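Both complexes shown next keep chain A, but they swap its partner, so chain B is in the first and chain C is in the second.
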Partner chain A sequence: MREKHKIIGSPVSRIEGHLKVTGKAAYAAEFSFPHLMYGFPVQSTITAGEIKSIDVIAAERSPGVLKIITHHNALKLMPRPPVTHANRMTRSNPVLQNTRIHCFGQYIGLVVAETYEQARFAARLVKVSYKTERPKIDFDENLKDAYKPEILNAGHPTDTSWGDLESGLKQSAEILSETYNTPIEQHNPMEPHATIAFFEGERLTVYESTQILGTTKEAIANTFNIPKENIQVLAPFIGGGFGSKLQPREHLMLTVMAAKMLNRPVKTAITRQMMQTNVGLRQHNRQKVRIGTEKDGKLLALSHEIVTHTSVDEEFIEQSGAISRMMYEVPNSLVTHRVFTTNIQVPRWTRAPGETPGSFALESAMDEMAHRLKIDPIEFRTKNEPSVNPENKKPWASRSVIECMRMGAEKFGWNMRNSEPMSTRNGRWLVGYGMASASRGAPCREASARVKITNSNKNIRARIELAATDIGTGSYTIIAQVAAERLGLPVEKIKVIIGDSDLPPTPGSGGSWGAGTYTNAVDAVCEKAKNELLGKSKIKFVNEPGITELMKAAALNEYQTEGSVKPSEESEKYSHFSFGAHFAEVWVDESLGIVKIPRFTSAIAAGTILNEKTARSQIISGVVWGIGQALTEESVLDKRYGNYVTRTFADYHVPVNLDIGNIEVYFLHEEDKTINRLGVKGVGELGITSVAATIANAIFNATGKRIRDLPITPDKLLL
Partner chain B sequence: MKRRNKRIDLTKGEKELFKEFMPEDFIELSTYSVERRHFLKLVGLMGGGIFTMQFLSQHSIFAQDVNELTLYEMPTDVENVVKVTFKVNGAQKMLVIDSRMTLLDALRERLKLTGSKKGCDHGQCGACTVIVDGRRVLSCLTLAAACDRISVKTIEGIGRSEELHPIQAAFIKHDGFQCGYCTPGQICSAVALMQEAKNGEASYITNNIRSKALPIQLSDDEIRERMSGNICRCGAYPNIIAAIREVHTGKDGAQPWQYSS
Partner chain C sequence: MRPFKYSRAEDVHSAIQKVAANPNAKFLAGGTNILDLMKEDVERPDELIDVTRLDLAGVKMSSIGVSKKSIAIGGLGKNSDTANHPLIRQNFPLLSQAILSGASAQIRNMATNGGNLNQRTRCSYFYDVSMPCNKREPGSGCSALEGINRMHAVFGWSKDCVAVHPSDMCVALVALDATVRVQGIEGKERSIPIIDYHRLPDNMPQIDNNLKQGELITAIDIPENNFAGNSYYLKIRDRASYAFALVSVAAGLEINGDSIQQARIAMGGVAHKPWRAAEAEKFLVGKTPTQENYKAAAEVEMRNADPLEHNKFKIELGKRAIVRALQLAISNNMS
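Up next, the complex of A and B:
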């Protein structure tokens, strides 16, 4: 059993909360500099083709305009090498180097002016003529060009199979074969992407709304051929990312270019409309699932075949079938991914890439099968629980999904469910219960940190420094908690400095690795500091000393040390995933098709919970995203022109306050001994997986209608 | 090439800005001359908060040749300028602005009050919510030119750093935010909402809109509806409701997180 923690796990309020509620937390666009200029991008109004000519005369004459950068006068940037898994985020991202247009809204210029109003106005005066080609947009029309990609996102294999699917299906007493569609979705963090850049001689400083400081720095270095050491990227606060701020984007490169050309600070804050066209999206996945079982519900065959789209410009494929490789024990399995290219912008990691669309298909299909077999959905899943990870045969470091289902069922009141659809009413509302189990890979990566301890008039304080980011996840607070715990100081005595690429490197926030990775490094470096101080001390301690005693014993007023930690070799021997179970009660208006979700319950097992308060908020956040995915979120493109019909919050509907009912979160005590020093598995993406399936399953229970195409809008329930 | 600790005099524009914002400090400035770094710290204090200060103090951000034209001065070639005088958080401000400038951009770009956020610039997300003469207003849909002689309260004017407004304190306690970007707008909305409830103002889901205006005790759904103009993509809605409910009812809300036993 792990040591008992006093501060780790406790619901400490966010240490940066005061700055956020008073408006003092400064995000990328909010740093002021004398001589600051404003950049406003010029966007392509076609989707495929060539720029024939750009007329900037009127724009240049517009008051306040300092420069209009197009492919005619852009700095020559480093050519872009072919994309690999390793270089996707760091390779050169050369903007304005040619006349080729591959997607709607692509940046084709930047207007730089003294004020925002002047830059925005002048951008509209730039006259562009194009040689237009017919864009590839429509899913069905381009499906025929689907090919087998070499590899998926994060190195997941394209295809896997074991046993013999077809013979497994033949032996099955019950067979299900259905197709599920998840639409294009946008991240839409509240803070639009923004950059401020300026040069001081050779040295470049960039304020950027980014989830990862190190790769942002490298991408700039590779694009502009600047030594990495000359670049500092700063991001003390980031207004949400959800994957859209993982990739160093084109507005950043445009801004750096302008700062270099004009030798003055430049700020570019993109618009909400550009957030739909220029910072990535979750792609439309068409997923065919086949399940074969014995009469008693034992799985005999499971296939998950996916077709999706990528950009003509870059191949990116989320691993939507990955969840079907690890979730259930099945002797005959087939999981495949196919992809075709389009003139839709390149897809990007979007909160739980792969698991989010994949879990909708798999967990809906499991519910359909349970209904056919007349077995309770929890019992059906429990029957097919794998003892090891079926994909690689590695043992689970921890897997508490059955406990989550049991616990969640009890808290939710699952026993009140009538498995017969349309059997519960409340006035004009049809009431239904649904559930699904959830999982998300729990990665941990190498990271480093520095600790500085000061003793001023017997007042011992510690300063923890690392190039981490807090995108709203609570990094500031959990880092302080771990340092406080390890050093034996109260949280108030810990100062956390993150958001600066000059600090010891970390892999940033993304893929649910942030919390476990940051705290692994902080825990290790605090222990290192204590051990080093113990070595300097002549006193022999009976009990384990805190940092205060150690500093006194070593007679030091200042001490500093730094270190980095890699995931252990032991951790490689195990499969690491977070698990959970979701339960929803839905009300469906019989005559209008409106869906309400008055209550939602999640039971979560994610190893050590670092902070009950912020971890709960993370799960709630995922559930809210899942509700949006289930009911409202969809990007619609015009098939003819490739432009976006949904361009703002008015037509891309994210949930608002009245859409969300009561959400209850329960954490299970769980120990993961190998993932990292503290046994932290991450909760940022687990919350969203399987939420849409949970809701779709509840809607089936309420109405008898099985909706397999998201989002479940009222029209689909009334047909 | 970094120039650390180099003393450079302020430009004319910076001096004027200083005069506009901090008349008392300006006397000190003009009498004793002030290091550029000190000036920047003060600018940071006004706008970016402690992190700005922290980072600015690490940088001497000035390039070798100092251009006299700064954004703090209104550039001379702006067409259709408008002069507006209005109160922001109790202090009188006089600005000469581009007629196209929104109140939000005037606050953020000219007055360096960056607490009000730009989330969509189209009145759809509520991040820019400020309180004008007691009512919630979307500052991104309000032209600064239309703000002559009004009184604006922004997040910077709600509570004091030593003493938070009860809504601010409740947002921290109930974790009513994650990334914090929508938070100033949420808090301005919540503060104005309290007054709307006291005034007995109806909402979309009020049952009897003809009832005499009396202080209303808001249900959770009433609070949800009245807060639905403020989008939170981090999905902190249940926590926002818990925070507002606690202040509205005056009852200490239970901490809702729990382990299963």
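Up next, the complex of A and C:
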């Protein structure tokens, strides 16, 4: 049995916080070098076709311009192998190698100039003529070409089924069959993507806003055919990623190419508009859900059939049906994914890929069914709680979703809800309550770390080094907390060095694995250091010694060791998910369709919470994006041209302060003994899961209107 | 951004002269619109004359006639100063509300009254230089007409342009019967009633308003009215703030006993210019201020609306917005 933690879990403020609020934390675009040049991409203004010619004469003559790189003069790069689940992030990403255009805004060149403004201006002077083809954009028009893909993102199976869905439906007393649409959504972390690259002889240094250092290095190596050892990727601070910074993007390859061709440092910082066109997006998912139940609410059948789009250039399909495979106990199940290709850019991981759109469909449908059955939504879910993971029959390492629903209900005041829609009013506002339960896979991966302990004048300090990233989540702080706890030092005595690919490797931050993966490696290496020092010590300790005693006993001024840890075989025998329950109160203006969400409550069970403050921020930010998904966010493309009509923040609406009411987050005490040493499950993506369903369910309770197509803008509530 | 010449005007006359002399010159006020458009390569002036140091910012009360008064707001007054000025809050709360419902506090602190009148449409095809747009490039075609036009006009559009004017402030100014005072090259001032200031697109959507090259907005005059206590600006948008209107309504009612003496209703987000709901106004005069009459007035007004593929909702929303704005004007409910 593990001892009770003192520092792990406590709401320590971010150790790098003062750097951030004083502007001293330097992000990728904020480093400066002598002779630094600026790159600005040239973008395709068509969506499908070929480049016929590019005229760079005027641009080349423009002041400050040093080079204009197009397919005419681009370096020859390594060809791109077919995409697989394993090589998606690391395979060669050859830019400017041909004249083919497969999506709007595709980079077709890079202007390099002495200043950013000069590069941007000259980029406009590049004249391109095209052979334009009719782009494939529209969902309904292209639906007929949907096919069954071999595999989904993260290796999820395309189709699963057990029992017999149709006969399950036939036996059912109550049947629901509805279709839900979640629109294209866009990535917009606070910090847009940026790169600085320079060569010193054979050695390449890259500052990149990336979630994963190792795969970025590999992708550059594979693209330019440079030995990995010659590349260093640095990312000390990252202003959010959400999946958009998992895969090394084309601006990075353009920048490295320019640095190589000109043998000078080059910086490329992409614009907000390019965030809409060049960093991936969440695809539109059309999701048909059928549910059959007995009279008492026991599920007999559940199907979740999804059609979505990918790019003509690469197949990527988020696992939107995965949540329906594991959430509820059901004897007859069918989950399928179909996909068709379009000239919309390649979709990419977008905070909780799969669960975010999938949970909207599943948890809305569950609410619809509960209403039909006249059963409380919590009771309906509780009735169908699976004892093991229905998909693979593995036992849950920990699953506290019922406890979350109970706790959330109590904190929120769920018992005040009137289950009859349109029954609560406040002046011209209709008031509604809604809930949904949430889950997100909790992966943990192999990682390594180094600890260096120094003793100078009896001042013992530790330095923790690993190739981790802090994408705004709080990695610096939780790493310091775990090291402090394990070494018996105060947090102030721990120095955390991350964001450098030369450090011991980790899988970076993504898929909610970052926190658990980093901290377990740090935990393991600190324990290793202590054991090694204990071995060197001649003293026999009665109580467990801290690092201070050990260094003294070993009479060392310096000690360092490195170690790695990977998921145990035991952990493979279990299913690992984080769980939660969300509750919302909404007010809907009956005649104008305006929605307000004065309060939102989340109860979360994610194993050991490493830091209550940063974990809370993760959940709150997930809820905020979930509110955006529910009410405002949608990318609209013009099917004739393939351009984004919502091309800036003026048209692509993320929620503003005034849209967000009071968000309360409660963490359940939960112990997960198998996932990893510290029992950490991760909270980065759980917060957004099922938020949109929670709000749609509350809107139904308020108005009696069931909106199945997000976002729920005022016009949809008028009729 | 294309290279351009910048100079700061020291006096009104030289500012006007410079812009009048160069067809590619523009005034620079708060810059919140013109600079954005230049960065997007939509506006391409080769010369900017910064007018922010000119003394045209105050809010002044003056007499027109014996008992009637009017208030003049300076062409270079900041939107936020104008909205928060005690004379405006007291006499024209409708204008305060309209200004404060637009943009963000930071932008309103920069934006000027003259600039607000001349801000350009937010049609996203207009902003995207890779797309056809008659307003940006006459003769290239209107992408929105058969494209995505959820945010576009339901009144007064032409086949050449279906854009809407984005201003909130101007909607209130129309309901308030303001006049725009402009000064031209000869030094003479002329006054343009606000309703005639902005244009419908017809076959020349590249021209937003009736200001001539080089003419400077020096002030906006707002005549006193009897409905300050019975007015309301309602803005409906996709999020709680910092978004342009789906539909907005500026409403003022002058009530005498049981009957409506005068009704002022203007709409935003529905046309190439702030839309005076003249039919609804006419309908209401002499009627009692009831929900039924408001509804009937809204029906009368929206009867003439001609929606596009994606903005049919604006008709129903427009009706409901008129009714709600009139209700709130009377109850003066600020919530």
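Quick notes
Rule of thumb we're sticking to: the second predicted complex is superposed on the first by the 717 of 719 C-alpha atoms of A that agree within 3 Å, B and C clash if a C-alpha of one lies under 4 Å from a C-alpha of the other, contacts with A are read in each partner's own complex, and residues count from 1 in each chain.
Going forward, a residue touches a chain if its C-beta (ideal position, glycine included) is under 8 Å from a C-beta of that chain, and two chains touch if they have at least 3 such contacts.
Everything numeric here is computed off the predicted structure, so don't read it as measured data.
In the superposition on chain A, the chain among chain B and chain C reaching more residues of chain A is B. Contacts of A:115 after superposition: chain B is touched, whereas chain C is not reached.
By the touch criterion stated above, A:596 is placed in contact with chain C alone, chain B being left untouched.
In the superposition on chain A, A:650 makes contact with both chain B and chain C. Judged by the touch definition given at the top, the superposed model places A:632 against chain C, while chain B stays out of reach.
Once the two complexes are laid over each other on the shared chain, residue contacts for A:658 go to chain B and to chain C alike.
In the superposed model, A:287 lies in contact with neither chain B nor chain C. With both structures placed on the common chain, the touch criterion links A:641 to chain C but leaves chain B unconnected.
By the document's definition of touching, of the two partners only chain B reaches A:25; chain C does not.
Once the two complexes are laid over each other on the shared chain, residue contacts for A:668 go to chain B alone; chain C is not touched. Residues 117, 121, 648, 650, 655-659 of chain A lie at the contact with chain B in one complex and at the contact with chain C in the other. Note for the complex: chain A touches chain C at residues 45, 117, 120-121, 124, 427, 591-594, 596, 631-632, 636, 638, 640-641, 643, 645-648, 650-651, 653, 655-659, 713-715, 718-719. Contact residues of chain B toward chain A in the complex are 1-3, 11, 13-14, 43, 47-52, 55-56, 59-64, 67, 69-72, 75, 77-79, 98, 100-101, 105, 108-109, 112-122, 124-125, 127, 154-156, 158-159, 161, 164, 168-169, 171-173, 175, 177-184, 187, 221, 223-225, 227-241, 255-260. The touching residues of chain C, when paired with chain A in their complex, are 1-3, 41, 122, 124-125, 127-128, 130-131, 143, 146-148, 150, 236, 238-244, 246, 313, 316-317, 320-321, 323-324, 335.
Interface residues of chain A, counted against chain B in their complex, comprise 11, 13-14, 16-27, 29-36, 63-64, 114-118, 121, 188-192, 198-203, 205, 234, 236-240, 242, 263-265, 269, 271-272, 407, 411, 471-474, 499-500, 603, 612-618, 620-625, 648-650, 654-660, 662-669.
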